[in-house]
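Each remark here refers to the structure printed beneath this line.
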Amino acid sequence: MAIVLGPNRYGKAETRLVSVARDGETHTLTDLNVSIALSGDLAATHLTGDNSGVLPTDTMKNTVYAFAKERGVGEPEQFALQLARHFVSTQSQIDKAHITIEAYGWERLGPHSFQRRGDHTRLAAVTVTAEQEQVVSGVTGLTLLNSTASEFHGYPKDRYTTLPETRDRILATAVDARWRHLTADGDWAGSFAGALEALTTAFANTYSHSLQQTLYAMGSYTLSQRPELAEVRLALPNKHHYLVDLSPFGLTNDNEVFIAGDRPYGLIEGTVIRDDAPPAGVEWYL
Amino acid sequence: MAIVLGPNRYGKAETRLVSVARDGETHTLTDLNVSIALSGDLAATHLTGDNSGVLPTDTMKNTVYAFAKERGVGEPEQFALQLARHFVSTQSQIDKAHITIEAYGWERLGPHSFQRRGDHTRLAAVTVTAEQEQVVSGVTGLTLLNSTASEFHGYPKDRYTTLPETRDRILATAVDARWRHLTADGDWAGSFAGALEALTTAFANTYSHSLQQTLYAMGSYTLSQRPELAEVRLALPNKHHYLVDLSPFGLTNDNEVFIAGDRPYGLIEGTVIRDDAPPAGVEWYL
Amino acid sequence: MAIVLGPNRYGKAETRLVSVARDGETHTLTDLNVSIALSGDLAATHLTGDNSGVLPTDTMKNTVYAFAKERGVGEPEQFALQLARHFVSTQSQIDKAHITIEAYGWERLGPHSFQRRGDHTRLAAVTVTAEQEQVVSGVTGLTLLNSTASEFHGYPKDRYTTLPETRDRILATAVDARWRHLTADGDWAGSFAGALEALTTAFANTYSHSLQQTLYAMGSYTLSQRPELAEVRLALPNKHHYLVDLSPFGLTNDNEVFIAGDRPYGLIEGTVIRDDAPPAGVEWYL
Amino acid sequence: MAIVLGPNRYGKAETRLVSVARDGETHTLTDLNVSIALSGDLAATHLTGDNSGVLPTDTMKNTVYAFAKERGVGEPEQFALQLARHFVSTQSQIDKAHITIEAYGWERLGPHSFQRRGDHTRLAAVTVTAEQEQVVSGVTGLTLLNSTASEFHGYPKDRYTTLPETRDRILATAVDARWRHLTADGDWAGSFAGALEALTTAFANTYSHSLQQTLYAMGSYTLSQRPELAEVRLALPNKHHYLVDLSPFGLTNDNEVFIAGDRPYGLIEGTVIRDDAPPAGVEWYL
């Protein structure tokens, strides 16, 4: 038996890029957080400290800024693809590049004035090898709430069950979602806007008997609306809102007054997939 | 000489209240974080552990929820005033109540469906004694950016100065502001919306030679638009965006590509005041 | 083609349990954050909202607290195994349970007095099915720094490389590590203490030419010291400390004065494995 | 009436300084977060954008790094005093400097190896004008817990009170404390160590009927042990640990199993003062 090096990768995480495109008086703002992870034949640096195949992570950071100028930033999926292809094609030691980008939204206030939105963060995650290119898009921090149209009952009760069944509750979640594209070409902006709209619409329109049912509705409706997607993965924390017992104060509480809980929270995770889609070439997890 | 008890207060912090008002099919959502601090003759519990004057903080929490049902929540300033008056008038040991509320915004998606906004948090801070009521409103987490129309030069240089002067830079800040009302009556919703609009407008419209100049413009414009306000206090972090030096790569950077820095940051704090306004009856700091 | 449900799981996350064991006057404190994820035949709730197989996550929370009393908490790996076995053996719909625990350390100040440590968080992650039990332990938030004995040079330079080579730098990282046990029996406390000691010792004693070299040294030394372990996975952010250029002030900087950077940071991830160990039965990622 | 500029200040916040002192093979590490706020005659920049009196905050940052080399860092109170005096004495526009420093602790692992502690952060806050120098030290993030020797009863009950009285509970808090020194000279390291020891000892040794009683005990004991201090201010969140009701499961809970709550929390704030101490020359809070 021996002790050996297993899978590994390295890169620069969280390079913060703000890019201003000037179209006369009117400016456009792009605000990204770019993370790069490269893998390949990197045994030498691990075993002997020989760095002859280790492009510095500082160079990766520089490349992000230089590409922003040379090629423009554009949509995050496209920017990530350009970066990934660059590293795989120019670094002989590297056979896989994984780029993830967080994109922060800004609302226009004037020709060169902006207010940061905080209602969601757009995500892109791209993996490139010599053989394939896989593009995943997503969203995080999208917090949705239905103040009714949610029930929860019919569940098994064991010795430790005390939860009362309910026919009317608040259902709230902070959506963390990723969806895999069938190809590495696309109308990235349109696809993202459409998927976000589909997720939000399905959440609002689903009469829910469980957050799992809502999850499946969100994923399946998104796939039905977006033929360019192979699968959708969702992680939905159940942001519990506890009905306050007002009876000690001689008051009734007809689903009006709630405690917004922090922890613990339910966590519902699931995948909805097109059954004829090719499997993911590179493993990924939400 | 002796060791003695000085100023003190106590209360329940961060009671999370979500309230649903049902107007037929259409629901309205209020999402608050309420903190209560009471002061008065509280020496006994400090010195001997005699709690006969110490209303439990758990009771304060219960009061928040019960009031939400009994009186409705309404605007945060009004809800804070009701809570503060209640504690001062019912607890003989207590002569001052200070209530602060954070209010989180939600955008309507449907009759009972909502998406949480993240572009700012509304604040209310109320202090009530037998003699007076002071109402302060505010905002935090409002992040604004001008991609041009900002210069910085003409400053003193000492031995430690290396900063180059600039005639064009990004100016960005996360506004943390509080404004004091002249009276404890008001159209709280209208006043908040107006002040927020004034702050945002002044930021966007000010051609800036320093963040201090922008701060003063924001405060003075807000006072000019809102006659119900006595003063405005602002804490404006200068969220630095560093121009990337692309010359090693043979590229120019005409204010297009920036590093968004985390730390350190400039911090500009200031007050703009109506010179005939009565001074704050109770001290407060942003 | 059809849209179908793919892999899924659900559970209660972040149940906060503090347990006090009283041995006469002397108390012992256990402080855990327990997360539970169950998977199995859960299609019905997703597709139709039929919850007949969905044990409420509230029940999972109750089970954590009841088990703490009934069985005692003990070591986190053992507590997680008990919980996981319970859910798999009692819920017919469930064929896999994944339990993760964060354990927070407290230092004793007296027989019933404690001060919370903050130098690391201990982790346990257990997966149980009918066929197997997999135990992973780990640590997060362990921040280590060598103020010398670190070099970085000999790396490839491309068009975007500007980093100067260095023969003396600060090497700092916040260790995030997981190690897989060969069996589901063990001296969990002794194993954790030994692995932590091995990781820390290897970091301090390795003269480093790259953080990758340090990573491999940490993993391989830990395996060499702990025969009960199959593999070690490490994610090591390179917490950059930038040498300040003091030359504009007429000063030299002999590796004395540094800027501690926030973002971006290098991120080095790798696995060190015993080559005759059976592969992980259940996939896991750091 | 007119709208005018009120109190204001500006500076550089959160300059992160790591300094390595080399005594042969043995290194010593200092890890600080330095924030600077200057005030004086700054009307011009606010009103007209005239920056002739505005030393750039970038220069303040440079000064921190240059002073670390030129003068050494030493104790944070001393380093803060040197910086404050420098700005007041060299900038004609500035009449007051307020410097705050957070100091992070590291434990030695070897001659040049360190592990970051996380059990508390040391604080220094210094205010310097032409007339006076005020030094405040403090601590934050010091989390303490007594698993017994805490009661809470005898409090008033109103219509909204539901809390049961208790003769045995967990008392836990995250200490946020500041103490004012009588002079600007001192054995800063010894004073801090002594104050920290006094606070911790008093917490552990006080049989508590309220967190207020514990607060007063902590403050008064610290003053009794440290003659160099004028006053101690404490903000103590009551980190509630709720006894779990295990009776639905047929189990008793003799103060063994607790839920560690996040929000809401009690917040107890108070000052303990030497009655013959001169008042604070410059207002400060906490």
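For clarity, chains are labelled A, B, C and D in written order, and residue numbers in each chain start from 1.
By definition in this document, a contact is a pair of C-beta atoms (placed from the backbone, for glycine too) under 8 Å apart; a residue touches a chain by one contact, two chains touch by 3 or more.
A quick note: this is a predicted structure, and the numbers were derived from the prediction, not measured.
Student: Using the stated contact rule, I'd like to know whether C-D or A-D comes out ahead in C-beta pair count.
Tutor: C-D
Student: If we define chain centres by averaging CA atoms, which chain lands farthest from chain C? Would you check?
Tutor: B
Student: Could you put a whole-Å number on the gap between the CA centroids of chain A and chain D?
Tutor: 38
Student: How many Å are there between the centre of chain B and the centre of chain D, using C-alpha atoms for each centre?
Tutor: 22
Student: Measuring from the mean C-alpha position of chain C to the mean C-alpha position of chain D, what distance in angstrom results?
Tutor: Distance between chain centres: 31 Å.
Student: If I count partner chains per residue in chain D, which residues reach a count of at least 2?
Tutor: 16, 62, 66, 160, 162, 248-249, 262-263, in rising order.
Student: Which positions of chain B touch chain C when the two form their complex?
Tutor: Where chain B meets chain C, its residues are 159-160, 162, 248-249, 262-263.
Student: Which positions of chain C touch chain A when the two form their complex?
Tutor: Residues of chain C touching chain A: 1-16, 35, 37, 42, 45-59, 61-63, 66, 90-91, 152-158, 160-163, 208-213, 215-216, 219-220, 223-224, 231, 233, 237-238, 263-276, 285.
Student: Can you list the chain A residues touching chain B in their complex?
Tutor: Within the complex, chain A touches chain B at residues 16-22, 27, 29, 31, 62, 65-66, 68-70, 106-107, 109-110, 112-119, 141-149, 170, 200, 203-205, 241, 244, 246, 248-249, 251-262.
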